[in-house]
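Structures incoming, each one as structure tokens.
Shared chain: chain A. Partners: chain B in the first complex, chain C in the second.
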Partner chain A sequence: MNDMTRLENALDVTEAKISARGVQVFYGDTQAIRDVDVEIADKTVTALIGPSGCGKSTFLRCLNRMNDTIESCRVEGTILLDGEDIYDRRVDPVQLRAKVGMVFQKPNPFPKSIYDNVAYGPRIHGLARTRAELDEIVERALRRAALWTEAKDRLSEPGTGLSGGQQQRLCIARAVATEPEVLLMDEPCSALDPIATAQVEELIDELRQNYSVVIVTHSMQQAARVSQKTAFFHLGNLVEFGETGHIFTNPEDPRTEAYITGRIG
Partner chain B sequence: MHEHHIASAFDRDLEAIQARIMKMGGLVEAAIMEAARSLETRDLELAERVRAADKAIDALEDMINEEAARVIALRAPTAVDLRLILSVTRISGNLERIGDYAKNMAKRTGVLSQMPTVDDSAGALRRMAREVEQMLKDALDAYIQRDVELAGDVIERDREVDQMYNALFREFLTFMMEDPRNISPCMHLHFIAKNIERMGDHVTAIAEQVIYLVSGARPDEARPKADTTSVKI
Partner chain C sequence: MTDRGAPARRTQSSLFAADRRTARRNAVEARFRLYGLLAICVGLLMLAVLVVTIVTRGTGAFQQSFVTLTVELTASKLDKSGTRHLEAIKKVSTFGYAPLLAAAFETKAADLGIDTPLNPKEMADLLSKDAAATLRDHVLAHPEQIGQSVEFRFLANSRVDGYLKGRVSRDSIADDKNISAEQLDFVDALVAAGVITKTFNWDFIFGADASDQRPEAAGMGVAMLGSLAMMLVVLVLSLPIGVAASIYLEEFAPRTWWTDVIEVNISNLAAVPSIVFGILGLAVFINYMHLPMSAPLVGGLVLTLMTLPTIIISTRASLKAVPPSIRDAALGVGASKMQSVFHHVLPLAAPGILTGTIIGLAQALGETAPLLLIGMVGFIASNPPDSIAGALLSPNSAMPAQIYEWAKRADPAFYERAWGGIIILLAFLITMNTVAVILRRRFERRW
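And now, the complex of A and B:
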């Protein structure tokens, strides 16, 4: 119990990696997110939960400006990464996405070799000068994604030939290869079996040593297992944000309570 | 707050487990009163029935724990559901202990019936048992109605039980000093008084579970402790 309290306190003093203030998102005339304020801590896993259409994925996609690609989408408010506004005109979204990596629901490896999947990001961002350096980056990324032992003898084989769980870990390796500071995960395990899910969850816990991880999940149990902080979204509002253990034992808001206990869909 | 789970089987599981708590509570209330009555009227047959009935109470506790484990495994309860499951396992434990104390009281009835009566001590013990039984009834009502105020009231009333025990403790001490032939019955009567006092503590623990279940908070540690005999010379 004391350990938990200490953890909670430690989390409170951790500096915010991302601070969102008054974030509103519109798709045309429809408002998807209303006035969200949240501080996402460094070296912490933050889970975003809520029913379908509550805005959690939309919010996640604001954090690396993935919403820029949607014509009708408009984002208001400020989102600061290390104190700098990511929606500032001078910020290059491509550079931003190298710092704020993303892993999607379905594993989506490029139709290239395992090696090239991981090497793609470092190549376009010019992170390696020599082949040896690139090899090193690829190995480190694959090791970090817990895929190295399975993939090291088949680096030239297509990434699409891996199993579902391995493909997802390949996508995670690809995301970490550019040394991001924040990793966004949009339901990273929803297409995986329980074993692969457990491996990815273990990986998320390890990634927390170096990154700030924000994960959208429909599995409440997954949120409870992997995150230290949980944010509950409902109808575009951030209803409750707090320490995960607290949210799952004694939530403050009746809507949070109703959702996590399975009383509203 | 939405009342029902989307999975109605979850609601049925939780209702079933609470129904068992109420059943167990009813048996324990009856055990307290019958044990006290058997002591006062020296009714050995009734005392024997109380001892036999404890098996049913123990069996219910096992059932409740099994069902609670099943709900945890299958439904992964959270928030108020989690607190409900934690509270039923603790409350069933408290009820089981109260049942044991009642059984022990009934056991001593057999021994005491062979000895001379000591004043109206059996009557005083019955009144004390009556108070605890009322508290238990209210604690279980508070549980089923999620009534924090009533639960708080029960916790307060434990002070009276403690005071009754203190008074009896002094009385038994006096009887024993007056006449050594009183020592044997008074020792048994004192154990009975202490058992009833302990029942009150378990009832208090049940009332505290009600507060935890409803609010998620533990009641203050400053609960009344009026049993002062442990520091008396």
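And now, the complex of A and C:
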């Protein structure tokens, strides 16, 4: 390792937005995640890759405590957001989720109008004082999610009437409308065509200016295109974590190499 | 995975002719469809028999025979003092009015030239026992009319009414000392002259119940108010309690041994016979809390106990039917649990909750057994309540209790009214169920 990378690593450690240490997740008695240590830096995109069922979504849901809603789920270890343990007893998960937004694997718009879908978060968090401000937030969020041109004339129509890909972008708009500090995206592009995918990737790149983004993806190309850091999960273990370029060109673990080149998964 | 797996024994067959297996399968299917069709036909037949029976027996109650008479309000009989003081007029009891009715009949018969062996009193017996009281009430309300001749529409006696409706025939009155063949002849003449007419009987729907002697005057109205008051109590109590309990159990309660016990018990409560709730109501609300006997409030409380499990079960089912991804979505943008329930889950579950509530209310509306124990059956609801508090607290009956009460009485005229009451009750139930179905359709389309 040369000095440059060492410096970068040191920088990363101090700027870690989220640091997970020794995270274990259990569903009942079965362990879904084992000893995961990850540092998610501020203003970067971190990609989580790995074969289906390896625990990517599970890990992602730990980061905003969405796992709390699953009765059988138990999380051990520490996860720090800006140095504060999010599993501390004093932490209100509702407040945490306002800071750490999420786009789910399956599009799940509210059965309300497109406008209300996007405006819901800002409304409950009191981000807009007037109707005009709210309109502005909604428009901005829809533009960022590359849905504005399609949706601007049908804002009052139900969000559930959109196509699958449009619904997913609506969910992205809904998540960015609350201006979270960290955005967790679980396969946001799995239902999107290449054009919309490119737009969402552009959005992710733009979000990186201010937020950190954690994205789960099954597309190696996408991980390579949008992320700076990549974590490879396999059977609940974090096999490898590092610079995206490094992982894709020069993986250290044979399992990573096998997955990237398409031999396992 | 290769083409070599293709069966070797397959013979050439035409798609136009069914092979043996297909033919057998189709036969089984056809038979099954026939069974289903038969089952539906049997059901429809039963329904048709039910509807036809109820309608043929009950419609009579909605018609009533009236006698139109011009009564001379003779001053010498009604106001002996001649001062027109209300106090003085009140001294004349209903017996004092009876001769006026007899006289009116006599005049009428003479005017029409009807030849009858009946004396005037026997003629007046064709009227309901109510008639003299009706007359007196009118005079007390309009004392200035004393001395004039006023036209009245009196209820005919139930035998006359039955004769016009075919319930009473000349054969059936052989042993009946309430009416004679001569009286029926007179009735025939009066009907021909248009003095006795049969018209729609609003008083049956809106009027009060009457004592054993006057089935022709009995109505459902007061019992209907009793039922209405009970339903109000049931709705006001069981909807909020049921919905709150369901939301807590479904959305907030941790799944522990304790909540499981509660859950099982709620399901069991739904299956408890209603008479059990009745005796509970008697013990707790009347004997222990000393709430008044026969009061719709107590009836409503008992029916609330009975309706709660129904509402809780249907509410929980509709909450469960809301996809969990909606809750995730709300939590994911930072909504609290409460916000996710009240902003998203509850509105989606509302049609199901409403339907369950209406069906629970409909069940409660038709319930008779618990009312038996708290004294709402057997009470003669002859006075409409004068206020909302009165509607809740003063003794009353309820629709099904009223029907039971009528069916129990000896006079066939009451029996007819019991069937009529059933028509009214069914009309209520059908309306409520239709509303439930419409609500469900209406809201379900929204998403």
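One rule holds for everything that comes next: the second predicted complex is superposed on the first by the 251 of 265 C-alpha atoms of A that agree within 3 Å, B and C clash if a C-alpha of one lies under 4 Å from a C-alpha of the other, contacts with A are read in each partner's own complex, and residues count from 1 in each chain.
In this section, a contact is a pair of C-beta atoms (placed from the backbone, for glycine too) under 8 Å apart; a residue touches a chain by one contact, two chains touch by 3 or more.
As the structure is a prediction and not an experimental result, all values here were calculated from the model.
In the overlay built on the shared chain, the residue A:Thr178 is in contact with chain C alone; chain B does not reach it. In the superposition on chain A, A:Ala224 contacts chain B only, with no contact to chain C.
In the superposed pair of complexes, A:Trp148 makes contact with neither chain B nor chain C. Looking at the superposition, the partner that touches the larger set of chain A residues, chain B or chain C, turns out to be C.
By the document's definition of touching, neither partner reaches A:Tyr27: not chain B, not chain C. When the two structures are aligned on the shared chain, A:Met102 is found in touch with chain C, with no touch to chain B. Using the contact criterion defined above for the overlaid structures, shared-chain residue A:Ala258 touches chain B, although it does not reach chain C. Once the two complexes are overlaid on the shared chain, A:Tyr87 sits clear of chain B and of chain C alike. In the overlay built on the shared chain, the residue A:Phe248 is in contact with chain B alone; chain C does not reach it. The touching residues of chain A, counted against chain C in their complex, run 64, 66, 69, 71, 94-95, 97-98, 101-104, 106, 108-111, 120-121, 124-125, 158, 160, 171, 174-175, 177-178. Interface residues of chain A, counted against chain B in their complex, comprise 220-221, 224, 248-251, 254, 256-258, 260-265.
Only residues 1-7, 10, 76-83, 216-217 of chain B touch chain A when the two sit together in their complex.
By the touch rule above, chain C contacts chain A in their complex via residues 254-255, 323-337, 339, 343-344, 348, 446-447.
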